[in-house]
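Read through the structure below, which is laid out as structure tokens, and then see the notes.
Lettered A, B, C, D, E, F, G and H in written order, each chain numbered from 1.
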């Protein structure tokens, strides 16, 4: 009969209208900014640089190897390697980035920089409220804005952070073991020499 | 499904005079292709589509490839007599490969559910002798794809019903997918310049600033 | 000047205007508009005479006006249809041109 | 004579003149509908409510639309040419003569100088009664006429020849 | 007491008018009532725009505007201020004068139509003997306004929209009026006040509304469908069919002129809903005897709101028809049904009351409905399709 | 200049583009309108130059290029890995299937193996993608028919649930960048399978409601049946793929034909239409969504443990041997293929996308001629195009 | 007379302030976007107007298909050179006051595709952008955040005085030149009146 | 004591109010534009909108004559309604004969409609 399908459809919308007052399933709006969706552990937005400890300049993990700069598909990372070196988390002397800029107006949030970085030093942030009317300065983020503490990383990506901490700890342990072995060997050799 | 060699035999039997060459593909995919001469391409294509053996009724992908003039260095092992002793010496031979443009057709059969058979057509050069016959009359699916090749690579398909630029605007003059295409200079603001970009950006910078 | 005569004068004006338009304009549609207006002028007469007449309760004028509206509508339908048919033939609605094309 | 009459009369005549003299045919059609509305208002003023409203319904709501359609369906080539045809002088003269005669007649006639009688009752019900009793034959004739007009107009306006292939 | 509340506005007006000098009293009375009506309905327009957006939101599982003012109800004020201060653009190619006049020409007849609607007991602006005819005459005049808007913009989409709008409005006008005529036949008057008065009695717990008869129900449904088409509401919103012709006839209108079109459309919808209430839903009468203490205007407004919600609901559900289907529906379905409904109403008058009358008249309504419905849909469209599955 | 004369064909189908016979309408004034690039229902910046006779379309020429973002050129200047996030942006509704097609082609080119678990992950994500693409397409189609966004809202309500799954897994809602050559990027987070299972179990209810709202609606039936009919012969010849092809009754689904990945392990069917009109295209999508749900149920049940990447695969310094490969998958919109030529360098020498929705548009004019402009709009809608893929 | 009236008004500080507040309140709570999407970001724009995020709460769900009735152009997606003239023409056809939000990396700077030969490196080369949203694509919440940023910006504008926005200033031209298609590129490649990149790349 | 007034005066006042209702905001908008927000017409701004392209061809083209057929039928039926209305009002007091006369009247017109239907006139192209 003509009109049956229409009535069926009307019943469906009526169901949703009424349902919106009773079930959360039919009123799915999350009222940003007062309410926010919880972010997932994997959520990514833009990269940031991890530092350990309290002083971001000292603790920055990045050793300025420039792999990320090269692998970033849209080439939005800009690094100037330092002339001097500073000790990294293992105590090894490494270069550090004199300049580390990311052009957020180009970054495509692809996470490739994170994947290729061998030093666990660049990670993805979840901050998304970045709109600005300042086109040139507001979107070119520099080292000081990029640097965020490991605690922050642990907070936003607990799972990944734990893994990365473990990897670093293993590295440190390995380095220590090596140093110890070297020390022992050194000691041994000096002893032998003696 | 027939091997490329078999297909070649079939084609030469069915279309007299057609010159077909099997181009081997070294990669693990082992998708070898058939190079067909331009004059007989339409006849070959017709046969491929309608022959009972192959029934390649579905032309999936049509694309262009630009092969600019290039010096190919091949290492050849040669026996040379050096100071009387015959030795095997590796020698680099430089051959000049003349440039050409290529149109590649990936053919499948929906009826027989096999494929792909890859057809290649080559132009004589990259200049004005850049004509190829259009296969749109055989596979409608080539219509827009050939237009795209015309637009981006500059191959002229004779017999195409509506050969206009498709992606770029009408007054555009370049063929940007060619390897020697030079893009317009709009590198005024490059906060993260590298490599080529850096070079291009430099012309917009005050002289003292450089990385 | 009394009431009825002013209505009649209005009607006469409309009639004359319609007539002038119908005769002088070249465009067939305007000619039709002119004719339509002349009919309306006549209608106004019906109403005015009914209103001022001796037997308004007979409603003759009103009914005449109603019928007249019906007739005028029919006339408009046919007339405009003719114009469209002619336009399709001669690609113009200019009566002069149509005239010259015929002959 | 209420002043509203003069306003309406002026409006109607102005709109009529515009409808017949403007260059743009769509403007003509719009002016025509204003003229119809003016006339309808005059009817209303004459206590012929039904006719007045019917005038709006039929003329403004339908005839004007028809005219507009006709204008949109044809193309006007008058815009660049003189508006009036070769009969212009003769036509204007005729119209003037007619106007003169009518005015004279109206002025001379005894009948036209009567005063406005009290408003007669012309309810729709009365009209309906009259229509269905005294005028029933006329009604049927009108039906015939309308049907004939419908069919005739459709036949004329129909695109009978199929486009040749 | 209930009477006093019911007549509060009437008495208030009389009291106020009483203060005026005697010769100005008619004018004062008119101005007061007109101001009242315009104020109320303009306010209703403002509220309904918000309600519509919120209602659609709820249908679509979201809130709709809820941040501007309490519950978002000041949204219309913000929109109003915004449109008022927006730049007014008239395209170069447009016919300036007609472009300017079109929104006015739309708003005028729409407002005028309110002159004859009875909003409550003794609450009619004016009781015309040909009230219904007056309403339809005003409705017919809006067609030209729409045409003016579309044509004067000199935009292809606008002209398309205008053409569609006219075709649609003329096609649905006939069924609209015909379905109203059934009521007139059995009431014997074109005066809307009388039509309401006739529906004021109660038969048991059902009121004597026209909608509770076979012909009245059919007439009501036809009338509502035609009303939706006349006011360009979904699923008949082709003249502004966004997905095809962008915004239709008002595509080139900006600022407040655009708002006027919006206003005209909504007020037209209210007016025609008001007419539907008057003709079929017993006007301002209460739906049951024991509810008569509620003031009459409240009932009118409640019914009006219900119909508006119905319009919103339909809008939230249905896609739109195509132009040829729309025309077919009008001429090949609505018009025959409306004509048959006239016959039904005639029979209803001549057959003595009772079950037989109900049966015959219902059959006369349902039978043609089914038949014409069949005719409207080709066999291919009436059957459910089955699909093959390949492994 | 050498002009090659075309050898006259022995036999031809009626496949040449329909010449719009404009002289046919001599004397009638035709209206030329361009629909788009800014038009509410061209799904982005597509443009159709339409010639109308009244409301009827007598000529319709698609105009492309308004979103030509030079994907192929950029990819030829980037490493193989670097192009992966770009593929997300091809058909931006279905980034995961794009990923898969590209990964598949590179795997062919470099001879990489995909571990079983990764194959399952690919199937699950791809079928979820298909699900959300199909329901959203229907929503957009209804929008084109003039339904004030309600079906679209419902479709997006469900899409959000699937996007949540994607985000939980890959970190992004739309641009997942999930697959890698020889596997996938990350393993499932905790609780993901249960969440996916929940979505998959609840989805049929939504599909039922959706059908309740749409399938029998007289207006939709009137609008879509018999509109935009596509004949199977023409469809095959014009290279049309995906649901449109199957709506025309041709049984061709790359999942069944190539049995790429592990599709031979699942039992599912390919729904086929018999009219090839817009309604069939709508129904086929609903039915395909239901089939996808079947696959998902099986995949979620059977997913094994194990590694997710081929240990041979390298992230950096990836240089396949010289050669070429063409790989294709059944994307929601049709056959999505990638054609890669490697010259042994880190960047592909030639990188070509076979975009299904671009090639499906070949027959747009044929489907629209003789119908009204409103039909053209929904016919376009039923083709399911995404401009990112059409123009690349 | 105009100037006189203006002076008068600015003298009556109270009046202007309330008027200004009202004006800004109206404008910022009724931002009707143009129904206009370019690429992937447009999908997130649509998602923002859908049930989960519901742009309608801000009164901004009235996506007008015609530029004549729109206030806000959300440039959501990649602006190609082939499309740029159309975008600018559309913007020109919108009545003042009008705003531009550049949504996503592409609209701001060409984003990931900025190396492409057919991609415009940012719509701000031709149009005055009010708010930029980085992201590829920005989340729907980010669009809402941008809308709120825009509302704040509108709320801070003055009706009179030198700092008044461009649409209140008779001296500022009302439209932006539309670039032409050239043989290799758009002509001109950017609008120097609108686009002022820093003189040197800031490092 | 209800005040009697001329119904048409009311309609006139209503129309005037409608105009005022429409024109006042337009005037206010005009004043606003004069005082604060100057109108800035321009070449592009005031061009005809056509999907962002430059409009080509005049929009005032001629339409298909099929539309006209609908208008004709509409006009005829409008006139029919004109006769139906008085009949309907008088209906309750009329004889069966009058009703039959009206049925004949309608049938005649319906015949015209059916003819047009069969002729395929009622097909929108």
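The rule is simple: a residue touches a chain if its C-beta (ideal position, glycine included) is under 8 Å from a C-beta of that chain, and two chains touch if they have at least 3 such contacts.
The structure displayed is predicted, hence computed values, not measured ones.
Both subunit D and subunit F are touched by E, H.
The greater number of contacting C-beta pairs, out of the two interfaces A-G and A-F, is seen for A-G.
The distance from the centre of subunit A to the centre of subunit C, each centre being the mean of the chain's C-alpha atoms, comes to 84 Å.
Annotation: 44 Å between the Cα-based centres of subunit E and subunit F.
Subunit B and subunit H, compared by their mean Cα positions, are separated by 63 Å. Subunit D and subunit E have Cα centroids separated by 30 Å. Each of the following residues of subunit H touches two or more other chains: 36-37, 39-41, 45, 47, 49-53, 57, 61-68, 71-76, 78-79, 81-83, 85, 88-91, 93, 113, 124-125.
Contact of a single residue of subunit B with at least two other chains is seen at positions 167-169, 176, 189, 191, 193, 197. Residue positions of subunit C touching 2 or more other chains: 66, 69-70, 73-74, 76-77, 80-81, 84, 88, 91. Within the complex formed with subunit G, the subunit E residues making contact are 53, 57, 60-68, 72, 74-75, 77-89, 242, 246-247, 251-255, 258.
Considering their complex, residues 56, 59-62, 156-157, 160, 234-235, 237-238, 241-246, 315-325, 377, 380-381, 384-385, 387-391 of subunit E touch subunit F. Per the touch definition, subunit E reaches subunit D in the complex via residues 95, 98, 128-130, 133-134, 136-141, 143-144, 147-148, 151, 163, 166, 170, 173, 188-190. Residues of subunit A touching subunit F in their complex: 2-6, 8-9, 11-13, 15-16, 28, 40-44, 67, 71, 73, 108-112, 115-116, 124, 159. If you check the complex, the residues on subunit G that touch subunit A are 51-54, 57, 101, 105, 108-115, 122, 124, 129-136, 138-139, 141-142, 144-146, 148-149, 153, 197-198, 202-203.
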